[in-house]
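Note that subunit A is present in both complexes that follow, paired respectively with subunit B and with subunit C.
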Partner chain A sequence: MEKLKCECGHVNPQGTVLCEACGKPVEGNQSVDGNDEHVLLNMRYEGSSRRSNKYNQSFVDRIWTFFSSVKVGVILIAIALAASAIGTIFPQKLHIPEGAPSRDPAVFYEASYGLIGKIYYQLGFHDLYDSWWYMILIALIGISLVICSLDRFIPLRRALKLQRPIRNTTFLSRQRLYSESDHVSAEETEQVKNKLKDMRYNIREEDGHIFAEKGRFSRWGPYVNHIGLIIILIAAILRTTPMFYLDEFLWVREGQQLTVPGTNNEFQIKHEKFTLETYGQSEEDLKFKEAIESQDELVAKNYQTDAIIYELNEDAVAGDDDALEVYSEPSIRLNHPTKFGGYTMYQSGYQEEFSSMSFKLYDVDDPDEEAIGTFTFDLLDPSETMFTLDDGYTVEVVQYLPDFELVDNVPKQKSDYPKNPGFVFAVHPPDGGEPEVSFAAIGINFDPNTVDSSGGELNQYKLGIIDVDERYVSGLAITRDYTLPLFGLGALIFMIGVIQGMYWQHRRIWLHPTEDKLLLAAHTNKNWFGVKKDIEKAIENTSIVMAHDQQELEDKLKEKESDEQK
Partner chain B sequence: MKLEKARERKKNKKRNRYIYRSSILFVLIAATVFAVYSNNKPEKSTYGAGDDAPDFKLQQLNEVFADTTLQLSDLQGKGVMINFWNTSCSPCEVEMPFLEETYETYRDKGIEFVAVSIDVNEFVLSKYIQSFGLSFPVVQDNSDQVKNLYSVTKLPSKVFINEDGEIVEIVEKVMKPDELGTHLDEIVPN
Partner chain C sequence: MDFAYISEIALYAAFILYLIATFFFGATIRDKHTSKVDGGRSKPAIIGIWITQIGFAAQVVYFVTRWIASGHAPLSNMFEFVTFFGMSMVLAFIILYYIYRLPVLGLFALPIAMIVIAYASMFPTDLAPLVASLQSHWLYIHVSTVSIGNAILAISFVTGLIYLIRQIDQTKRSKQTTWLEIVIFTLFVTVGFIVSTTGFNLADYNATFNYPENDQIVTTHYHLPAIAGPNEGELVTEDAMKPWFEAPGWMLGSDAGRKFNTVIWSIIFGSVIYGIVRIILRKRVGAAIQPLLKKVNPDLLDEVTYRSVAIGFPVFTLGGLIFAAIWAQIAWNRFWGWDPKEVWALITFFFYAVFLHLRLSRGWHGEKSAWLAVGGFAIIMFNIVVVNLVLAGLHSYA
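And then the complex of A and B:
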């Protein structure tokens, strides 16, 4: 490896574009920043050696070089952007509508969207944001971010640290702001220096060469910004672990006591009472009258679960209810969660469900279907299954299916909860005769004797549903998120970086005396107008010529050239 | 001499750069692998083969053992098969008759069955026990506590526990009679 020794005596690392100390363009490397095609120097990263791609490279170096390319980073971001956009075309797996004929992704996408849907599913876009390749894509962006930043920050810092007040004249003359002045006295130079000092420039001098610098701090903005992004990515990684992030859901019925999922059996919740308030119930809601009437459904104003949270003793045996201690008795309302043991529980939905059914017994021959007797059956946890009615009739619930469906004319139980209850009753008449068996459900009142080929007598009595009571089932979300402060910190650092880079400017002004002239050059990373004003102010009342904006000159020159060509 | 020193320095520098780059790349790749892994790994159950089976205590529902509580730790010394099920699970229903048959054979070999039902409805459950004529203990886990304790996600799920109270295997699918026999033979106490 050859080091590049500049004529000022400074030894630069391989790949340097502009000498770190004096800024003289290193011959042969000008193509890197395209300096050979322009009059003005490209001051990006101070012309420091960013990538050591001229070395004999090991495998590690090659990976490093790959990721240190901004081009690669931009391509990765573009791919991620495109993929994320495609992921929003059709609903994600989790958001397949409830009412879809089939919620199985393998069926849903093809059935709903045809061939495109099938391809969408097969390429894994239906579960994009959790798919391994999407995660790897995001991780690659993270790697690119870290390596690009390191590969630029370190040489830039080095170059800014090593820069000397004495700059090469080529470096100066190829700056955007540049002028040459004759006959400048030492007093005038001194005056400029003091004015710059007053404007809070840092002044360094060497052999009468003056270097004024301000706001170097602004150059670190993008890197501070990247640190913020990296912290956000780390937070996102931690969010995939149950230790830092937990998200569970629970349906709990009024009166039911359940273990809170995700809490390692530490907590139980008992749902005491559910309250649903809708708009339009109170007088003050009158002002929303029109809005309410435009809705087909009731608009919920508040829903609330009054519950008891129990904590289980640490060394208790599971299932032992004596080991439970009341932790709190919260009212969990929409947007007013309750907190226990690091968990937060939100009210996030409700359902209505049958809680009990009332029946009447009547004689099939009675056209008025007058009730012989009535009884009420608890659907969730029935304690009473034999009902003695007036006149000595007894009705026994022989079988109860909370949620049944008919499979080949045989009732099968579909779930545990009373969504579509079905009953087999035995009616014992007062004379102690044979009980009559019948099957009843919503919309069904079935006498088995009608299909019985043995020709049994038809039932004399029927049972009809007269009333249904409902109860609420509360949907509660349980979360624990320790990554939020980390996200916040990342966002804060990100913002600090943005502000640092946006609201400050790195301004540099060089005064370079030669044998008969004084060269004045200036550079800033943004706001050229500002630095021009600073120079104007500094050279006021002196014979120093105001710096010309060579960019404008260059542009004009180009315009002229193209005009001539026409 | 100077040349040699320079060469030496160059070599050191190259080595340092190599170490620096390798270690940063290593950390970044490790973080990536961790993120992808932890996001895609299947829900791990808290307890697995080799662990001590966590204890529980639930109310008996089978009339054969009327009004007693069953505590798992009381069964130490016997091989225990816990079966998680409920009445609305039709694959569980398919298993019931031969579970009953198998129980009769293996009870004398020192094996106990514990059927943990996650039903909410005691009445429905009792009717079910009667209709299948079950003779093994049935307990009701109506607060989901034991189900969560064993991280049961599928029904039926079976946990085979040896005489020392140690989990030998967890099977999360419907079993055929001969399969069940093989698993039970493994937990027959010596």
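And then the complex of A and C:
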């Protein structure tokens, strides 16, 4: 690679705009940062040689150059923004309302929103945030983030490290803040130096040239916050693997004891009691009376699962009573999850279901419906299906549907949970005659012979529900997420980087004696007002001329020109 | 002692004090001292900022007494949240006022904060119980940080707007003048919202509808005559105006029809007020305000715009993304779920990230920067208003 040797003796890498050591503009490279068109030098990356600015570019260089452009990065973000916004117009696949007539995306969007909904679905916006092209977009932003940062950080760091107190006079005179003073005594220069020291500037001297610098670390702020963002992206990728992220769900009934899924049988949970509280029950809720009355539905105050978590004792033999040890007895509430052994358990839902039902058998001709006999059927453990009653009657549960719905008068099973149980009974009379078949459920007592066109005899006996026991089922989510600390770290680093880059400034002041003059120049990456104040304070009571703001002079000149043209 | 009553009075007091303070800041426009150093030293400015601070103190009283009365921080529904947002805007204004001594900021920031507070009071103001999903300390941490972040960013909108009114060439019609008028017009629409809602409420207008929502028949009360009825709704009240048409079915927020109807009335009233003002002024509203801002230093406005983004961006990120994610992890077992509110918070974050990149790395200062500040505020208001009212999601708490 060709190297560029500056007159100060420093050897710069190819593509350098301003000498890394003395700042002298390198001939032929000035168009890179647009210095040829302006009086002032573009100081953004210290005129360092960036890979993306090389002339002879290989294929890899070109890709690098593409991603290292802030413009490309901003455009990628803008596309992601627009796509994300469109993704919120209609609910995402996951958020299709539960009450919707059809939750099948292929049907839902067109049925609810017409043609626009259909297009929305076909373009994949219904599952936007998991779609391959959205992922690619985010990945491209990630790549842009890494390359943009590296492309600037490495040469910038090098240039700031190699800078020397003695600067080229062209470099100084083309800084935004610059002045020349005659007859400055050595004592005055010394005084300025000490004042700058008092203002916590780092002073370096070489051959009577003074270089004061402050807050260089703020230049790293943007790179630090980008590192934070990259860590967050890495965490997001790791989270897609089961090693780092585990997510399970468990329905557990009151009184039931189950193994916690995903824990390799290490933990068991016993659901002791579920509590659902709503507002308006206690006296202290009186102050909310008006708000509660204006609501159509009850306002939930608390969802709570009181449970016992057992841990399996490794030393114990399986099946042994001592194998289980009580780990904790938590009350798991919404917003207050419980933790055990690296797992977190959340209150995430509940259901009410029937646990047992009691029936009575009676004669249809009896106006008092007096019970011939009663029995109780356990809905959760439906192993007992034959019930022998007094007087020799036997009732058999021929079919038990825990959760049914009637489709064309035929009961169909909907789920395995006893939410709306239905029963097909066979009543065996004591005389050993033909059993009578009937169907019973809540609000339904059904004699199949009434619809049977074959004209069979009507049933003599009926079964009526006399009692139901209800119990709660708690829905608990179990997660173990090793990526959370990584996300936290990324967020923390991001915030540090933002603050570091935004609330501190990198200020530099140069004092450069020539044969008959003292040149004063200064640069800051932001807040010029602040550095001007620093200079004013430093040169107080000396004959040094305050630095002129050449940017303002340039602007004023332009304004004047444009006014004259009018 | 009835804290709820004290709270109500204190909020009224704050509102009126802000109004009075605005007039004092208005008086500074004709004042000779407008340079950065002197601006804040003029008599009307000093009186104005003191009244603002007393008003702010009154609003703090509102906040504290309402907290005592309800037993939870008043940040749990739209009324409380939007009121707090207005209060945060005043706080952000007070802080930036002491840094930059820019009285004209008060002339614009206070009325906008007042519009925000008035908007808030259009939502149900009853003390409401705290639903189980909000019972967490993170409610206070998350909501208050977001609100303060948004408020600081809102100040950049205020200075950006002043900058644009001050700087845009109003001698001939251009794309810029048109867009600026649109921005000003939306402010009129907000005023239209407050005028129409207050007017019909005073007249005690009511029309009741039944309509289906999620397989249930729900009742809603219109306090404005129904131009747009609820989707598939049925008018129950006799001799009330029949709706001209129904709200489209894709509006998913709860009670979408009534809210959509309110928007229509706001636009009608806003347009009428705007029209009257235009007829009186006989020129664009922006052109009419411009000469009043002659003495304001545009560079200083630009600086305040940048500073408020520089401060507001990290605060918003902390509250709207980081704290939000932590709470979502605790409450819902996922720190990110692509809920519309979350997505729009991310959009806000990205937008201001772009603002900072363009400014710091591509030199977008002055007018370009001011337009971006206006656009950013539009996104924030979209997230507060439209996402809650139109899009269905987990943040629909009112």
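The rule is simple: the second predicted complex is superposed on the first by the 438 of 566 C-alpha atoms of A that agree within 3 Å, B and C clash if a C-alpha of one lies under 4 Å from a C-alpha of the other, contacts with A are read in each partner's own complex, and residues count from 1 in each chain.
Operating definition for what follows: contacts are C-beta pairs under 8 Å (C-beta built on N, C-alpha and C of every residue); 3 or more make two chains touch, one makes a residue touch a chain.
These numbers come from a predicted model, not from an experiment.
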After lining up the shared chain so the two structures overlap, which partner does A:Met135 touch, if you call subunit B first and subunit C second: first, second, both or neither?
first
Thinking of the overlay built on chain A, is A:Ser185 touched by subunit B (first), by subunit C (second), by both, or by neither?
neither
Contacts for A:Ser31 in the overlay, against subunit B (first) and subunit C (second): which applies, first, second, both or neither?
neither
Can A:Gln413 be said to touch subunit B (first), subunit C (second), both, or neither?
first
Touched partner set for A:Lys301, first subunit B, second subunit C, both or neither
second
Touching A:Asn313 in the superposition: subunit B (first), subunit C (second), both, neither?
neither
Return first, second, both or neither, reflecting whether A:Thr385 touches subunit B, subunit C, both chains, or no partner chain.
first
Please indicate which partner A:Gln460 is in contact with in the superposed arrangement: first for subunit B, second for subunit C, both, or neither.
neither
Kindly list the residues of subunit A that each of subunit B and subunit C touches, one partner per complex.
none
Subunit A residues within the subunit B interface of the complex
1, 52, 55, 58, 60-61, 63-64, 130, 132, 135-136, 139-140, 142-143, 146-147, 150, 234, 236-237, 240-241, 256-259, 261, 264-265, 268, 317-320, 380-383, 385, 397, 399-403, 412-417
Touching subunit C in the complex, subunit A uses residues 44, 70-71, 73-74, 77-78, 80-81, 84-85, 87-92, 94-95, 97-99, 112-113, 116-117, 128-129, 247, 279, 284-285, 287-288, 290-292, 294, 296, 299-303, 333-337, 344, 346, 348, 477, 479, 484, 487, 491, 494-495, 498-499, 502-503, 526
Write out the stretch or stretches of subunit C touching subunit A in their complex.
4, 69-71, 124, 126-129, 131-136, 138, 214-216, 218-219, 249-250, 252, 310, 313-314, 317-318, 321-322, 325, 329-333, 335, 337-340, 343-344, 346-347, 350-351, 353-354, 357-358, 360-362, 387, 391-393
Which stretch or stretches of subunit B touch subunit A in the complex?
10, 14, 17-18, 21-22, 24-25, 28-29, 31-32, 34-36, 38-40, 46, 54-58, 71, 73, 86-88, 90, 119-124, 127, 139, 141-146, 148-149
